[in-house]
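Each of the next two complexes has chain A plus one other chain: chain B in the first, chain C in the second.
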Partner chain A sequence: MWRDALLIARRDLTIELRSKVGIWQILPFGLLALFLFAFALGPSTDLLKASAPGLFWLAVLFSSILAAQRSLNIEGSVATREANRLLGLDPAGVFLGKAAAMAVELLVLEVVLLLGIVLLFHVAVASWLYVAAALLLPAIGLSAAGVLYGSLAGGATTRSTLLPILVLPVEAPVLIAASKSLSRGLGVATAGAERWLVLLAIFSVVYAVLGIALYGPLEES
Partner chain B sequence: MMRTALRKSIGPLSAVLVAVTAWLGLVVTPPDRDQGDYVRLVYLHPALAWVALYVAFGMAAVCSLLYLWKRTRSLRFDRLAASAVEVGVVFTLLTLVTGSIWGRPTWGVWWTWDARLTSTAVLAVLFLGYLALRRVPAEAHVRARRSAVFALLAAVNVPIIHFSVIWWQTLHQGATVLNPNLSPTIHGLMAWTLLLSFLAFTLLFAWMVTVRYEIETLRGDDEQAGLAAAIAARRAEGAPL
Partner chain C sequence: MGPAIRLRSAVALQGRFPVLSGVDLDLDQGQVVVILGANGAGKTSLLRFLAGLVPVTAGMAEVLGVDLATTPREVRRRVGLLGHDAGLHEELTPVENLTFALRAARLDPTRAVPALDRVGLAGRPATTVLGRLSAGQRRRVGLALLVARRPQLWLLDEPHASLDEATRAMVGELVEEAASGGAAVVASSHEPDLAVPMADLVVTMAGGAVIGTEQGGRGGGRHVA
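This part shows the complex of A and B:
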């Protein structure tokens, strides 16, 4: 399973590096979302500072939908499915590999958007440890949930409209917990970040386990 | 025969019980010391929430599990789950509407970001997603498998949503009957009317699910008949299948 996961993760990341869809489409979309949020709220520094963690995660959440659709479009073609089958790849490994590749992409996106809110929303990092945990755990959870729900949403024609409806309500707890954790890391708020990190860890583990168990039967159907 | 009679009697019985609940709740029971006549919503809102959040979605989760388990796999469970979710969504939306009507005089606003309100709203959207997923064209068992997995994922997600919004913020009043001390804060005729409302709306739900299940079965039969007719037509043309 782990060998297959590594293979699929490397394949997905190589495709992304060569096609540059993430760099030219998903990343600019995330940055654009930050700009639009700032336009909607106005130039008040205090308001932007207080809202920065939540707006950051909204931008990541919306971008993650695009990333999940992109990831599953790679897997969606008949040729890819046939190739996976002929190679005898373990579906659990395919799921893990896709989720890992998407998590890496989201982490890159998060680092760039973090730089974005530091520059645009005038926030500063107060604790690197909290910021690192607040970026890593949601990236794992969002990727696992994105790939799993993406495989539920059927073919590419229905997935583009159906995936946001299926996955965004599920990811609402991640939005809350990640915003609270990042608030602590940016020094915007200080209390109770630990339990939010625990919630993020639980979400990530639950969806990773569910994905490993369910991705195979879903892809078969 | 007996099953048919029982099924047919659920509808009228639930209608009578809802009518009796309305009469007791609106006419016979007294107004509350603090909330006045607004307390009469207690005979509607908690019962709707009970059916929506526990009965309907619990039934959907159990039926989905039964469908996914190979030994009990049957499209009947898929249809039951679909019927329960569809009726459950109606009850969830009614729960939100009646809660909002109650919230206006007691909290001063139509909507507040309280934990229970928020988690109920998220749950409603989650199950609207289930209904959207069911509308994606697919073979009956493919659709059933996807829907069952989604329903179970939603069930797993319910505690995560619940705790996240409880930690986030809460304003909602505590449970009136099933509170942590198991000490009901409602007594006498008001308590009996409340109990009756739970029974009446549970029966109403059962009747609505029965009707919805029959429609779903007829639709399934219709799809099968349509497919069989199409194959027969192709065969008649002499085309290779």
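This part shows the complex of A and C:
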């Protein structure tokens, strides 16, 4: 399983680096969303600071849908999915590899968007430990859920519009928990961040386990 | 040579639609069967069925000694399926595509370059991303994957389509090499002039069933009706 996961993660990252969709489309989309949020809120520094964590995660969440669709497109054609099955790849390994590659992409996106909110929303990092945890755990959870629901929507002809409808309600707890955790890391709020980090960890583990168990049957069906 | 394929009244459904409606077929290792038939006759479905990608609904289906109804995954790693879309990645080069596939199949990745060489894709085309290659060159990459994997059962869906004269001749050579090496080959075709001479057995399908069989140019096939 781990060997296949590494193989798939390397392949997906190579394809992403070569296609440059992440750099020229997903990243600018996330930054554009941040700019629009900042313009919509106006020049009030207090309002911008208080809103920064939530708007940061909204931008990441919307961008993660694009990243999940890209990940799905790599396995997009029926022939490609069947080719994987004929190679004897472990479906759990394929899931983990795709989720790992997407998590790496999301982490890069999060770091760039973090710079964006520092510049646009007048916030500063108060605790690097909280910020790191608040970026890493949601990246894992969003990737696991994105790849799993991507597989669920993969067979549908309307998958590009179906995926956001499937995945956004499920990821709502991540939006809340990640915003609260990042608030602590940015010094915007101080209380209760640990509980939210635990929730993020549970979400990530649950979706990783679900993906390992269900990705194979979903691909078979 | 032992039996490679044994089908008895094999039925397969896609949704509620019967894509195979009671197919009988026997093929030994080292033999080549060509399947003819109009569009929608069930040729591609039969190839996907033999690859373990379409579940057995009724009847008996044994491929390479494995019961397709109970353990289709055991068959998959031992067959090679070349369809109209080879399932390769446009952003990777032929060498990268083959290396990935060989590693995934737990085979020696150094087989990639000689296999591409065998299908006439040595040098620059081998290191150009697939998206920039012509349809015929991509088809040859798919063939190279079969050459590199050396499956025990080759399943070719219209292998002569989109190819120039020289590559069409090469397909015949590759099929002959595979069969001589002990692999069984099943190829669908709309071009009997090219396909029949390389076959031991020619099967005609209609409506998801076998409606006729005859000896091919290679000779030696048999069919159980």
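We adopt the following convention: the second predicted complex is superposed on the first by the 215 of 221 C-alpha atoms of A that agree within 3 Å, B and C clash if a C-alpha of one lies under 4 Å from a C-alpha of the other, contacts with A are read in each partner's own complex, and residues count from 1 in each chain.
The rule we apply is simple: contacts are C-beta pairs under 8 Å (C-beta built on N, C-alpha and C of every residue); 3 or more make two chains touch, one makes a residue touch a chain.
What you see is a predicted model; the values in this text were computed from it and never measured.
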Message: Under the stated touch criterion, which partner chain does A:Ala40 make contact with: chain B (first), chain C (second), both, or neither?
response: neither
Message: Touch test for A:Ile74: chain B only (first), chain C only (second), both, or neither?
response: second
- prompt: What is the contact status of A:Ala191 with respect to chain B (first) and chain C (second): first, second, both, or neither?
  reply: neither
- prompt: Which chain makes contact with more of the residues of chain A, chain B or else chain C?
  reply: B
Message: A:Leu129 in the overlay: touching chain B, chain C, both, or neither? Say first, second, both or neither.
response: neither
- request: Considering only touches as defined above, state whether A:Leu218 meets chain B (first), chain C (second), both or neither.
  value: first
Message: I'd like to know which partner A:Leu152 touches here: chain B for first, chain C for second, both or neither.
response: first
Task: Take the contacts of chain A with chain B and those with chain C, and give the residues found in both.
output: none
Message: If we count contacts the way the header does, which residues on chain A are in touch with chain C in the complex?
response: 4, 7, 11, 14-15, 18-19, 74, 77-89
Statement: Within their complex, chain A touches chain B through residues 148-149, 152-154, 158, 162, 165-166, 169-170, 172-173, 176-177, 192, 195-196, 199, 202-203, 206, 210, 214, 217-218, 221
Field: Touching residues on chain C, where the partner in the complex is chain A
entry: 48, 51, 53, 73, 76-77, 79-81, 83-89, 91-92, 96, 100-101, 103-106, 129
Message: With touch defined as at the start, can you tell me which chain B residues reach chain A in the complex?
response: 122-123, 125-126, 128-129, 132-133, 136, 138, 141-142, 145-146, 149-150, 153-154, 156-157, 160-161, 163-165, 167-168
